[in-house]
Each structure stands twice: as C-alpha cells, then as structure tokens.
Amino acid sequence: MLLIGLAMERGLIRHFYKRTHAEQILVTFGLAIVIQEIIKANFGANPIPTSAPDIVAGSANIGTFLGLGDAIVYPWWRLIYLTFSLMILGGVFAFLQFTTFGMVVRAGMHDRDMVNLLGINVERRFTIVFGLAAVVAGLAGVMYAPILPPDYHIGMDFLVLSFVVVVVGGMGSLGGAVAAGFLLGILQSFASMNEIKSLFPGIDQIIIYLVAVVILLVRPRGLMGRKGVMED
Amino acid sequence: MKQPKINRRDVLKGGAALGLAGAAPMFFTRNAYAASYLNDPGNAATVTLGFNVPQTGAYADEGADELRAYELAVQHINGEGDGGMLNTMQPSALKGNGILGKKVEYVTGDTQTKSDAARASAKRMIEKDGAVMITGGSSSGVAIAVQGLCQEAGVIFMAGLTHSNDTTGKDKRRNGFRHFFNGYMSGQALGPVLEKAYGKERNAYHLTADYTWGWTQEASIKASTENIGWKTNNTVKTPVGAGDFSQYITPVLNSGADTLILNHYGKDMINSLTQAVQFGLRDKNVNGNDFVIVVPLYSRLMAQGAGENVKGIFGSTNWHWSLPDEGSQAFVKSFGQAYGFPPSQAAHTCYVQALLYADACERAGTFMPCEVVGALEGHKFDGMGNGPTEYRAEDHQCFKDVLVVKGKENPSSQFDVLEVVEVTPRAQVEYAPDNEFFAGGDLGPCNNGSA
Amino acid sequence: MNNNKRNYFEVNDIHAYYGESYIVQGVSLNLKENEIMALLGRNGAGKTSTLKTIARADNPTLTSGEIYLNGESIHDKKGFEASRLGIQLVPEDRRIIPGMTVEENLELAQVAEPIGWSIERIYEHFPRLAERRKQEGITLSGGEQQMLAVARALARDIKLLLLDEPYEGLAPVIVHEIERILLQIKEQGITTIIVEQNAVAALKLADRAVILDTGEVAFSGTAQEVLDDEELRLKYLAI
Amino acid sequence: MNIMKSEIGMMVVFTIVILTMPLWLAPIGAGYPDLLQKFAIFGLFAIGYNILFGLTGYLSFGHAAFLGIGSYAAVWSFKLLTMNVLPAILFGVVCSGIFAFCIGYVSLRRSGIYFSILTLAFAQMSYNLAYSVLTPITNGETGLQLTINDPRILDAAVTSATGLPSTTLFGLSMSGYSGFYFCAVVLIIGFFIALRISRSPFGLVLKGIKSNQTRMKYTGFNTRPYMITAFVISGMYAGLAGSLMAVTDPLAGAERMQWTASGEVVLMTILGGAGTLVGPVLGAGLIKYFENIFSAFNDKSLHELFSFLPEILENGVVAIIRPFVGEGWHLMLGLLFMLIIIFLPGGVMKGIDRIKTKFGSKSEKPAEQSE
C-alpha cells in the first residue's frame, strides 16, 4: 500500500500540485476509474466474502458487561475495528502534532511555497505523506472487509462521503474530520430510527447532506477549518 | 459488419439539412421508406438481436454471465456447438439454422444498471444496428424502462433478470415478456416452506430496500407470511447502497422479533446479511424460537459474495444449476464446456428467453413483433429447466415451478453454495391477472414500429 | 568554474512569467558582498516578481536568464535549494504560517540546514517575540508579524537577504521600530536587496539603487544619485 | 481564421457543422438519431454549465439536479397537459430555473470548494429523495413514464397505434431524426445565446469575478446578483437539456441527478476546454461517443472490424484492444481523462490551439478563449 501510494504520488500526483484543484480532483478521479477497472478485470465485479479471524468471530454482550441486561450486543470485530481506528487516529494525530515532520506537513498544507523557501523540500515530504495516507486508507479497507465484503466498486461508495466529511470537518483539520465523521455518523443513525422516519419520511436518505449544508452555512470553513487552506 | 455504411438516406438527410435547416425533417421522416415493420430483416441473410446487459457497476458480473448465455444461445440457434436446450425444448420449431433460415447476429450494450443508459443503449441497437429484439438486464427499474422503450419503438423485449411484480403488473407492455419469476411468486413459494421449517408462531421484522422492487417484494412476502399466521413486527426501509446496516440491525435485537426478512438484492443483500450475522442475530433465542433470517430472493452470485453467512438461510430462486432435469443438465453441460463453470440463474433466464423468442419467430413465420407476440402469448413449453411452463397471455408472465433454496452447509465448490429444498409446483404460485399486487397496468396494443 | 570573475551576486537577463503574463522582462543586477541594494519602481514594475524569481518561488516561472550567488548557480535550482544556498526571502505579505505559534514558525525555519541564528539569540534581539512565543503567529500585530518574518529569515544562514516591502501597511511608530531592526541587520553586514514603495526610507539603508520600469532596468547607480536626481525620481518613482 | 472572429461567421460554421452531423458522423458509427440527440442535448447542458464554471470559475458539483428537474417537469407536462413539446420545455426550464435560484441563493454564500460541496449536497438530496420517498412524483428507481391512462387535458383523445402517444411539435413526431433536428436547432439557439452572454458586459463581469472576486468587491462592486443570475441561467440550460431528454424519450429517471451525472458534465466541460464556447460541446460529444460506441464492442464485432488484417495480426490487435472496450470501456474513459488532463490542461480546444500555433499560420487565438 505504501509503495502503491508512493508510486502514484511520484508518477502522477506531484505534477499536479501546481495545477488547479479541479484538475487535481479530476486526474485522481481518472486514476481511480483506471485502478477500479483493472481490479474488475482481475477479480470480477462480485463482492469477495472476507471473514474476520475465527478467534474474534461472534459478538460481545456489552449489556451484560455493563450490567444493563443482555440487550446490547456488538460484534467483536467492530469493537476491534473501533479500538484500532482510535489507535491509528491517535498515531496520526501525534505524528502531525508532535514531530518535526508533522510540523512541516501542517505548515506545508497552509503555505507550500513559503515552507519551500525556508529550505525544506516540501515535495518529498508530501510524497511520504501521500504514501502514509494510502497506508491508512488501505488499513481501513482491510479492517473493514469483514464488515463490508469488498468489490471493485467499493471505493466509489466512499468517495463522495469522505469528501463531504473532510470539507464539513474543515479542510486540513484532522480533529475536524474526526468530529464531522462522528457527528454525521451519529445523526445518520439517529435519523434511521423509525420514530424519526415516521415524523420526516426519507430523512435518513438526506440527513448527511442536510447537515453538511447547515454546517457550511453556519461555519464557512467547516467545523474546524482554517483560513487559507485550499482557498487559492 | 454492415454498420458503418453511409446509405442514401443519410446522405439525403445531410444534404437536406444543409439546404433546409430546420424544415428538413418534414421531408425525411422515417415513413419515407415504408416497410411492414421496424427493422424488418427483409431479404438479408442475417437477423440482429440486441443484448443489453450491465457491464459496469454493481451487477457487472451478472451481466457478464448473461452475455455468456446469450452467446451460447446464438451458437445453438445457429446450429453450432452441442445444441444445449435446443435438444430438450418441447415443442420446438427451431431447426438449428438460425431463425427463419437467417443466421443470428447480435450486438451488445451496457445498461450500467441505469434507466437512461439502458434506454440509450437499446436505442442504439434499434436505430443503428437494426435489432428486432432487445433482451437482458439485471434489475427491475432497467427492465421496466427498456420494456417501455421497446413498446414505443416497436420491437420485442424479452426481459432478463427482473423480479419486481410491476414488470408484468402495473408496468406491463404488449411487446414485453418476462420468463423470470416475481416477488409475489417468491412469497407464495416460501410461505409453506417457512411454515414447515419455523412453525406458525413467528414475529417477522423486514428490512427493505427503499425503492419499487423492495416495496413490492416486502408487500408480497408480508402477505404470504401473515397468511401462515406470522406476525409482522416492523417493516423498515433502508436506503439503497447503505453499506453499513448496523443502525438498522441493532433495533432488531430488542424488537421482540424472532425472524429477519431481508428484502435486499445484490450488494445490499450481501452487506445486510453479513452484518446481521455478525451482530449475532442467528445465535439469539427469542420467545423460545431460534432467531432466523430469510432472504426471499437469492442469486447464486450474491450467495457467493456473502460467503459463509448464507448457510442454512432460506430463499427462493428462479433456477439452479444443480437441477437434475434433462433441460437444465443440457444447458449446464454446454455452458460448462464453453466457460468452465456453471451458469447463474440470470444466465439461464436469458438463454431461455433467447430460445423462446427464436422459436416464436419460427412458429409465427416472421419477425414482425405483433405476430411474435401472438406466438408467445399463451405458449406452453417444457424442457427448459422449470418444468411445464406457460407464457400467460393476460400479462406476459411465465408461470412455472419456483425453487425454494437454502444456503448449503457443506459446499463442495465455490459455485455449490445453494441447495434446492423444494420445487414449489406452479399451481401454488399462480395468481389471477387482476391480483391486487399486479393491478393497475394495461398491456395495451402491440406495436410493430414504423420502418 | 570562473568564480572569481563573477560578482558576489549576479543576475543576468532574467525573464519570468505568471502563467501567460510576461512580468520580468530581462532584468540584470549585481551586488558585492555586504552591499545593500534598493530595488525601486512604481506599482507593477516587477519588483516583487524579480525578488520571487531570485528566491525561486513557485511563481513566477523563470524562462531564461542566469542567477549566481557566491559562484553557485541559482537559476537551475528549486526554491528549497536556493534557500539552502543562502537566499532568504522576507515576503511582502509576511506569510506567517497559520495554526502555528511564534516559536513553531521559527523552528520551521531551522528544519533544514544551514541554520543561522539560534532561537535564543533571536529572542535576545526581539524581546517582543520572546514574550509572545506561545502565541499563534498570525494573531500578532502587523509590526510583530513583520518582526517575526525577519526573524525567521535570520534563523537561517543568510548569504543574500531579500526584503519585500518591509514597511508596507505599518503605522509610523512601528515603521521606526522595523527601521531600527533593519539598521541592525545592516550592521551585521548582510548582503541585502530591499524592495520598498517608500523609496526614501529604502535609500537611507541602501548603498546602491536600481529602478525597474515595466519589467526592465531603467536606472542603476548609487543610492545617493537617486536622492539627488529629482527628475529621475519624478519620472519613475513619482516622488 | 477571421471567420471565427465574427459572430455571424462563427454561428454559420457552428450551424452547418451541427446540422450536418448525421452525415459526417455516420462513418464513425455515430450517425443514428439517439446518439445525435444525446450529442445535442449534452452539448447544451455543457454550454450552460460553462456559463457558470467557464466564465466565473465556480465549480458546481450538483448541476445534474437541474437536468433531472427539467426532465421530471417535462414528463409531467406530457402526462397532465399535452404531448406538444413546447409547453413541456417551457415548464422544464421554468421549474429548473426556480430550483436553481433557490439552490444558488444558498450555495453562493460560499465560494471555492465549499460552494462545490453545497451544490453536491443539494443534488444528492434531490437524487435520494427522487429515488425513494418522492416516488409518487418521480416513480422512483423505474423512472417516470407515460401511461395510456394519463389525463393530458389539452389533447383531444388521440390514440396511437402503440397505445402510447408520442411527443410532438404540432403534429411532427419528436423521435428519430426529426427529434434530432429539433434538439439541434435548440442547441444552435442556446449556443448563440451563450455567445452573446459571454461577450456582453454581463459576461465580462463574470470573467472579472473569475480572475479576482475580492478585488471586484473592494471596488465596491456587488458580485452576488451577477453570480446568482449566472447560476440560474446555467441551471435553466440544464433544465432545457433535461426537458429535451424527455422530449426525445419521455422518461425521467432519478439517476440523472446523481453525483456521477454532475461529474460527467464537469468532465465534458473540462475535457473540451472550460471557458471556451465550442469546447464543452466537443467534450459532451466525446464522452457520449465513448459511452455509446466503445461500450458496444464485443469479441465478435472487434474481429469483424479488423478482419482486413492478416489473421495473426488481427488476433493480436483484438487482444490488445479488448480490455479497453465492451465491459472495459470505463478503463478507456479513465485513461482518456488522465491523458487529456495531463497533456492538455486546457482541454481539447487548447490542444487545437496549440496545433494551430505550431503549424505556422500565425493566427491569433480565437477570441472566445478567455484565458
């Protein structure tokens, strides 16, 4: 995953840092289609069942554990997934916040050119970050596979949603993305409740976009967005 | 191939356009070269059929399998290969020399499982490639959209995989025919089997894909399970392509229901079933009943995608390759020889549809749609894998036995994931044309199109 | 290498574009070590663009011409390489990195070799920054941000300092303070090119002056010559 | 090249090229009514999109919503009022204009990527609702179709042989070539209006907004009414295209509003050349051609296509091309996007420009090139 990410960045993406955002989005979108079709040609279009390791199969009876009766059940694998993603999140946060490398990346997000003029080879660092991002996304995919059997088209299902989450959270803000992810996820579940749906039919279909609109109107740069990122 | 020709008509049209601009079309409408019907092959040595299947998107594998079946059907109709079901079909007017002595050619297109794209692709086949019949598809929305188009254009539509009641219910058309079974039939077939396996005292919770097919299936299954005494605890609509169904599954745990019915198809079904199993639903015991899951519409491809999780789960299907009858075996054999694995039910229904169409033309003695409609309406046949079958004249729905299947406990191969539990006799799934689930439509007159 | 024949810093006939627009149209400059040059001209004369081109910023794009510093070619280098060779730009809009404290902004300048003043030394010279070290850089006042921008350059090893409009948008009181800092820099003997609207203020610091007009050099001489030649000032500087 | 500079010359050339499409597209297999109609309709859609994106630089990611609304409105007009296409088109354009005003009014409070996300959100909401909850109005997944029992209050009881009446322009059926010529005429009119807009003072303001919105604001200029107007106009173009889709094929499906459909028009515009007048039409043609023609190849037709080659060569060529056509046409499309964006950042029009300058003829850039 790291290697694919690095290769992608070196081969294609880096030539686009100076292009417009629209072109950056388009070229990566084109690449996504190409990769997707290559996967289809090799693995077919049908989802591929992937089971979690047997040792963590089944579900945890959280209710009993917390003394709330046996009504709250949650699959072990999802709990592991949750723990794991919190760890990754913590790792990424620490990396960005407490290392020099992270400092350079944060600075580079705001002002590539200036960081460059301070003698730092931003491009090379962005390559590494791109590779790491690919690793994180890849890990997410691997871990998610037992929950959602993967097929060649799975990327597209997440594309728009992740885009919305990042922007609603605030471009360039890790905390914002996490907060937006939690917020939208919880609201989605909330809107899926029968009581809510009978009040507002179809609310579960649009809640995410509705919230996105409201947030962007109230907070122009998303939940935790900063001035200057992606605004040139 | 004859397609990139510039014929005189086009040249005239171009020239006219140059000179007359907007007024031009008045002179060169399609009626200028009148013939008896649209895309009449006339004296040509070949006849063109259009195979419109999903090649991209979630159902691409199903579409690929349909295309394989069509290619096989064309070979068999043209007298190549081992003849497959041509040898078992009864009655059969097919001679293995094409249709009416014309060699069958075909064109293909991608429906993308989108109504617009499917119609555009079908229109290309009709307008450019001169197809006299369009067939294929892997979802009801597309089937209904293309069926409407074929009606308006004036060609025959032989539906592929479409399970919604509406296809031969409120959206039925004179030029369209469906061999595949439907949601109502699934319900009728499943009811008794479920009663036998799980008893009369059940409390069912439906998760339903929130679009027309899901709704018609939910209504059908609800009616038939309530008929055997089950209670319906709740029916919940889920957005198509929800991916994560956990927020819909967790409420099931505390609902008091002991049966989950998943009115999902394709990826939705794979995901909701996988996740329901992960949430331990099948390990639960509610009101003294072991919790069970039912997937009313099964497809082998989907079952493969859900892997282990389908074991022991009941559902219905139009056809399965393990059927022992002569017709099925002949088809499985030639498909297996050509491609190395057994065909799916989508492949089967498409193959059969192609043969039925060819046979109807042969019997009608022409490709003229209205004559072919006449030959298909009320046509009774056998030897095609589903026992004695009838294309009912009133709604163009095939009536035949329905299979109730169960996820196999010990699959012997990746294709061997379902076992046939019961072959529900045709009488049990039959219904009156004006049944409440199918009311509201009108076949209307047939359309030969204007050449 | 014919180092010895070259000046300490030399720009030969550079041409540069912002996208499609031709903005630097053949500028040549040269400086001796420890010299301070004022680069003057009206709005849009191409001063800032010339500085950015020399610093090898992403924009504008250098299409032809040569730049040498201390015998090293700069025109074939990227921005970060130019900075490592000792060219430090203090941009007109200061470009303090948002989301980072004063101290982090300074630390950022010391990620890459070669390093100039230590952060302690910077704080000694700029006590105001020391007080605000934990404050977010962009929340500082304009003058303080300018101080930080200069300090950030000093945190790197400087062979050539490029100052772009150091006084721009600052209140007169603050201008004095910045002026004091720039005089300190002059005492350090740092080779500098200063671009400034306020030509008189720039000429006070400078040894030599170059006037640009529509992307080309219109005058080159000593700072005193410009101060003395009223006609020249009227024609190109409108003062 | 002077001919391209004068408006009249340009219009004449454009008109001739469009109207003779059946002729010169036939040799490449695209000379049949449905695809020609699609060229014209999506050309119109892209021209309209370009008024917003090409002139102002605002990247709307939800323009397909207006296309869908135009389609639904037109089909409802067919169902309730009359099979005549003019009321349907009018109704479609007005409805989408109103929607565009509402969505634009809110979305244009933000710019850049935030504007894109707002428009995307609105379009996705429309799509999701049309697909499910609004089924009584939209007929959900199946799409809104005509039925025999529709009231059609303005039409006398006309019954057609097919059971369903077809769309007409005062009796002239709108299917087949007549449908294409109708769309082509609308396209030409739409092109002319777009030409006038881009060269009007209004168009100049929009271009000014693209190059520097903040500066325009500092000069005391309120850009908002201009932006909203541009947004509504381009939404109406989309609605017009949508209603033409219903005219040539009376069905309206929800997937017309999905984000992929919005993405398609962005691709068309950028592939052809954003900011140019002809580029978007070209891009639309290119994408629709790929979608319809490349997806239709299969083993058999490929072998026939290359049957003029010696057999070994034929098999080789087919083996190389096969993965890129038929079920692999998406791969081809993806590669094409990448190639054009990488090597021709300004789109096809830019490429044509470059070729022109390369091959001597010191022609100036066509005047409509805004960049």
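A, B, C and D label the chains in the order they appear, each numbered from 1.
Just so it is clear, a residue touches a chain if its C-beta (ideal position, glycine included) is under 8 Å from a C-beta of that chain, and two chains touch if they have at least 3 such contacts.
None of the values given here were measured: they were computed from a predicted structure.
Visitor: Just list the two chains that share the greatest number of C-beta contact pairs.
Guide: By contact count, the leading interface is B-D.
Visitor: Taking each chain's centre as the mean of its CA atoms, which one is most distant from subunit A?
Guide: Between subunit A and every other chain, the largest centroid distance is to C.
Visitor: Starting from the mean Cα coordinates of subunit C and subunit D, work out the distance between those two points in Å.
Guide: 50
Visitor: Centroid from C-alpha atoms only, then distance subunit A to subunit B, rounded to Å. What do you get?
Guide: Distance between chain centres: 37 Å.
Visitor: Nearest whole angstrom, what separates the Cα centre of subunit A from the Cα centre of subunit D?
Guide: 32
Visitor: Using CA atom averages as chain centres, what separation in Å is found between subunit B and subunit C?
Guide: 73
Visitor: Could you say which residues in subunit A touch two or more other chains, in rising order?
Guide: As it turns out, subunit A has residues touching two or more other chains at 205.
Visitor: Send over the residues of subunit B in touch with two or more other chains.
Guide: 60, 64, 210, 237, 239
Visitor: Scan subunit D for residues touching two or more other chains and write them down.
Guide: 128, 131-133, 330
Visitor: Which chains touch, pair by pair?
Guide: In this structure, the chains touch in these pairs: A-B, A-C, A-D, B-D.
Visitor: Show me the residue ranges of subunit A that touch subunit D in the complex, using the header's touch definition.
Guide: Contact set of subunit A toward subunit D: 12, 15, 19, 21-23, 26-27, 29-34, 36-38, 41, 160, 163-164, 167-168, 171, 201-202, 205-206, 209-210, 212-213, 216-217, 220-222, 230-231.
Visitor: Show me the residue ranges of subunit A that touch subunit C in the complex, using the header's touch definition.
Guide: Residue list for subunit A touching subunit C: 18, 100, 103-104, 106-107, 110-122, 226-228.
Visitor: State the interface residues of subunit D toward subunit B in the complex, per the touch definition above.
Guide: Result: residues 15-16, 19-20, 22-24, 26-29, 31-35, 38, 128, 131-133, 135, 139-143, 145, 147-149, 161-164, 166, 172-173, 175-178, 181-182, 185, 245, 249, 251, 253, 255-256, 291-292, 295-298, 300-301, 304-305, 326-327, 329-330 of subunit D touch subunit B.
Visitor: Flag every residue of subunit A that touches subunit B in the complex, lowest number first.
Guide: 40, 44-51, 58-59, 71-75, 77-78, 146-149, 151, 153, 157-158, 188-189, 192-194, 197, 204-205
Visitor: In the complex formed with subunit D, which residues of subunit B make contact?
Guide: Per the stated touch rule, the residues are 1, 3-6, 10-11, 13-15, 17-18, 21-22, 24-26, 28-30, 55-56, 60, 63-64, 67, 106-110, 114-117, 119-121, 123-124, 127-128, 139-141, 144-145, 148-149, 151-152, 154, 166, 171, 173-174, 210-213, 237, 239-240, 442, 444-445, 447-448.
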